[in-house]
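The structures considered in this document are given below.
First subunit A sits with subunit B, and in the next complex the same chain sits with subunit C.
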Partner chain A sequence: MTRARSLRHRLVLGAAAWIVVALVAGALVITELFRGHLERQVYADLGHHLDQLIAGLEVGPDGTLGLARQLSDPRFRKPYSGLYWQVDGMQQGGILRSRSLWDDMLGLPPDEIERDQAHHHTLSGPADQSLLVLERTVTLPSAQAVRVAVAADAAQVEGVLTAFGRILAVSFAALGLGLLAAAGVQVVLALRPLNALRRRLAEVRDGRSARLAGDFPGEVQPLVDDLNALMEHDAALVERARVQAGNLAHGLKTPLAILANEADALDRKGAHEQAAVLREQVMRMQRMIDYQLAQARAAAAREVPGIRCRLGECVDGLRRALERLHAGRGLLIETDVPDALLFRGEREDCEEILGNLLDNACKWARSRVRLTADSEGDEVRVLIDDDGPGIDAAARAAAFERGRRMDEAVPGSGLGLAIVRDLVELYRGRIALADSPLGGLRVDLRLPAARATEPAVVKPQPARQGGGP
Partner chain B sequence: MRVLLVEDEARLADQLADTLRGAGYAVDATRDGEEGWFLGDTEPYDAVVLDLGLPSLDGISILRKWRSAGRAMPVIILTARGAWSDKVTGLDAGADDYLAKPFQPEELLARLRALIRRSSGVATPEIACDGVVLDTKTAKVTVDGRPVMLTSHEFKVLSYLMHHKGRVVPRTELTEHVYAQDFDRDSNTIEVFIGRLRRKLGVDIIKTVRGLGYIVEEPG
Partner chain C sequence: MWKTLLSTVLVIALTGAAAVRAGEDHDRARAALRAGEVVPLRDILAVVEQEFRGEMLEIELDEKRRRFVYEVKLLTPDGSIIELYYDARTKALLKTEGRGVEDARR
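== the complex of A and B ==
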């Protein structure tokens, strides 16, 4: 069932997409937060340096700026160390720079901002460094305004961020895989009832069960209940149609019997032609009714799931019946049917098939009729032998052929094989005629078997209406 | 031979009764299940033709009641339901034969003859005794190959005696099996029939056992 698999795929893919999106977004947010945190730390450090720098500023008598004492951090003295300062006297006092700037200087953008407010920029600095700059414009006691800036290489932040990002990526990837696996497991677990449902449906389709058995989760159970209700409704419809077809067919039989008797009366009065026509038509109608009845029954039976019957019981009943019907002829009817053998179909049909064949064998047999049955794969093989005259090979096909043509219904034609053959075909079985080791005819019959291990299905027996007049 | 016919369809019942009477049977016909059961339970019939779908009491139940009460007369079931499953049910309930509607009247008569013969232990369709041959198929009697014309009642008397060859048949039993129920019975008329039969057959195969009844003796 590709649909169930695609449902699973869809769920897993959906989960994967959400996990990836959530983790990537999470990683970005965390990285940005961390970057902000790192930059705040850098700016805090720079703030200290700035304060120290401002505190050390002095103006010489000639108005030149100077630094009373070196800043404590040695990186200010190491060229391109990544930590710089600069004091811009704004035309008046010249520019002071940290030694680390060497012959470079910080290209502070010309911005107008409030005095004594620290603010920061990101600039490109010496040696292609990207710099985080903290700047403040202060007014010295000499009323001179100077721009004081401290800068740090952003690479230190990026370096930490890269290392952090790597760890984050690895751990988030691991987390993602874990979540994905969990989602997969969850999907499989969640869909397990659907798989069970699929198996139950297969059982129903194969005729091993009449309804979807078992308890399902609350989300699936309503579906299962609906399906069961649908199948029961279906079975009930089929059954009702069948009963109605049966009642119609049986209702017609008594009028036909009256017509047959009337034909006889006509015959006695000398109206032989009319009698013959009447008789022929009665036979034809009878055959049609029997045929359609059998069709309706077998077609219905094939659609009713879980139907089966015990072959041995059918055969026992038929043997009792035939021993009575052929009493006084001294016939020996032997049957050998294993108890466990099950025919996958309606009991009535099983009896109809075997009854006609056995009766036929009894009619032709001199003294012995034998029925043996056994299972062959998923079929039941039944052999019916008699010690009668048999049928030669050439005539065997004709025995079937005649049965097949409903409109040719010759009175007393054939071996009653018509209905049998139709039923066997409807059940997708096979029937063949051969020579019997007993000397007469052998009927070689194969019918669908039901397995003994499957739970039996009790078919509701509809009440027959009237039972025919 | 006396036959009970239980069939609820009026027209078919009339036709069958005619057919049976035409074949030389004394026929009691009823359309009601209860009445059918009662007749079969109390009257001595040589055979019963029983429809299955009946008002008040269905054929299978009637049959079961008869059999459990030890009524052993041959019963042929007549029904619209001709499937083997129905046959098995009917025969298991104690029927001896089964005829599905529609059927040819000759078919019913042939089956009935076979059943009656079987139940009285006669193996062939023709019963013979000292040159007198009764053909159950055609309901004709010949003496040394020469046909003898008999009335319906004469035939019934001879047929019953020959079916029960070698046994003394009391006059009352003979009366019961020759007349239908609603017939005004007079056992003296039996004597008249016996006398006529002896005259027509020309051979004295029917012996009177004084105080007991009549017997057709086994030859030899």
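== the complex of A and C ==
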């Protein structure tokens, strides 16, 4: 699952993007609202100071303007304190100034427009402070008009905003991390059915299950149903092909039997040569049918999930049959197969492979044949040893060739080992020949194993006709 | 304290109409600044900040024989109140008063 294609990464990244955008936008909006609130508060305070200043203005008997009493806030007395007032005449600026202005004064811009009401400016003031200024024009009882202004350092607003911004950033960062974690948890929970689906699919692929089991959420269930339908459809197709192959074999059985009878009839009439040819051709046809049936089965077993067979039972049956077949020779057939060993494939194919190999070993053995099996990772490893003459290392590659017979004296069509090789390859297994510790040939066979933990899938047996190996 | 009172009386007696109108030291400060007799207060404050640590409590401008002197009252970090006298034209530190002056120096 690559980073770019992962649904989880995409969802988490998407969530992270909108969380960051929303929180940053939220923080900016909140900061601006708070700044507006703070400035309104500063102007409200300035309004009270302005009222007090205007109330205190009085004109002395000599016509000079004065302040009857000091303003109550001590910051008006402290130089450069950040809180100032000033009274300007219409022609002359700075008739009266707060002590806090000290050797500086407010440079109010000339404005005549809003004479009747208070309005504000932003100015630069003493010591490079940025000032919020509230100003209005009043006409004194002496008919003299003056501009009265109070101002406060904007740094107090900025200071509060900075501290507020720091707290806001920390808390929003924490909130963002929390939201991100919640989004992550949500994505994992939401994608859990997909992970379950992946596990179910793996079970099907491993042959542990024939269909996707379990309930899935409404968004996923249709997909699961479709997949199941597809797999059932595939299985049905393969099954039909197998049934047709079986029917074909069955249909050919009677004609072949008739031909075999004809060969016997020819034999009785003395046409031994023709009879032999006929018999030979009938046997070849029978072998071809067996071979194609085995191939169809193996292909089906590979495609249809959930097929398995118990290796031990298969081997026991074969041993009994072979013991009867070679009863006269005093042959010792030993088998050692653990009960739990499962071959992932059709029982018929298991019998075809092991039957051919065991039969071969029995034909060549002097007195002993031994079959041992064990599991090796995902595979079953089967060793078949005999104490016969064996095969030269140089000649071993030829042993599996179709139609090749190692010894013309021993009866057989030469198709057996070729069938074994094809079947093993169809099941993606491996087969090799080696020297046996018993003195003869060792066949080293590896086949796919099925896991014992899952319940076996019951599969209907197809119509299967035709002879054994 | 009597010196300050005396100087204020002297100032009121001697200075011109502008100072009389309001009679406060910040008006004298502005008048002196405009006459080029003192440097701006912000320059004095910059010097104070450079040389001493502490919170500024109060600033006054005194005039003694046509010589302006800034009197800066500081609350030092260890809680002492000190007074610093600066020549308002040259920014030179003329005199200090109070304990803890040396501790408050940067």
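Basically, the second predicted complex is superposed on the first by the 298 of 469 C-alpha atoms of A that agree within 3 Å, B and C clash if a C-alpha of one lies under 4 Å from a C-alpha of the other, contacts with A are read in each partner's own complex, and residues count from 1 in each chain.
Keep this in mind: contacts are C-beta pairs under 8 Å (C-beta built on N, C-alpha and C of every residue); 3 or more make two chains touch, one makes a residue touch a chain.
Treat the numbers as computed from the prediction; the structure is a model and nothing was measured.
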Q.
Just checking: does A:Tyr80 make contact with subunit B only, subunit C only, both, or neither of them? Give me first, second, both or neither.
A. second
(Q) According to the stated criteria, A:Pro193 is in contact with first (subunit B), second (subunit C), both, or neither; which is it? (A) neither
(Q) Quick one: is A:Arg99 in contact with subunit B, with subunit C, with both, or with neither? Answer first, second, both or neither. (A) second
Q: Applying the touch criterion given at the start, work out whether A:Pro126 contacts subunit B, subunit C, both or neither, answering first, second, both or neither.
A: second
Q: Based on the superposed arrangement, let me know which partner A:Asn356 touches: subunit B (first), subunit C (second), both, or neither?
A: first
Q. Residues of subunit A touched: more by subunit B or subunit C?
A. B
Q. If you stack the two complexes on chain A, which partner ends up touching A:Gly89: first (subunit B), second (subunit C), both, or neither?
A. neither
Q) Which subunit A residues lie in the overlap of the subunit B contact set and the subunit C contact set? A) none
Q. Considering the complex alone, what residue numbers of subunit A touch subunit B?
A. 250-251, 253-254, 256-262, 264-265, 279, 282, 286, 290, 317-318, 320-321, 324-325, 327-328, 347-348, 351-352, 354-356, 359, 466-469
Q. Hey, which residues of subunit B end up touching subunit A in the complex?
A. 8-9, 11-12, 15-16, 18-19, 51-53, 58, 79-85, 87-88, 91-92, 95-98, 100-106, 114, 118, 123
Q: Enumerate the contact residues on subunit A facing subunit C in the complex.
A: 64, 66, 78-80, 94, 96-97, 99, 101-105, 126-127
Q) Inside the complex, what are the residues of subunit C that reach subunit A? A) 21-22, 24-27, 29-30, 32-33, 38, 40-42, 45, 56, 58-59
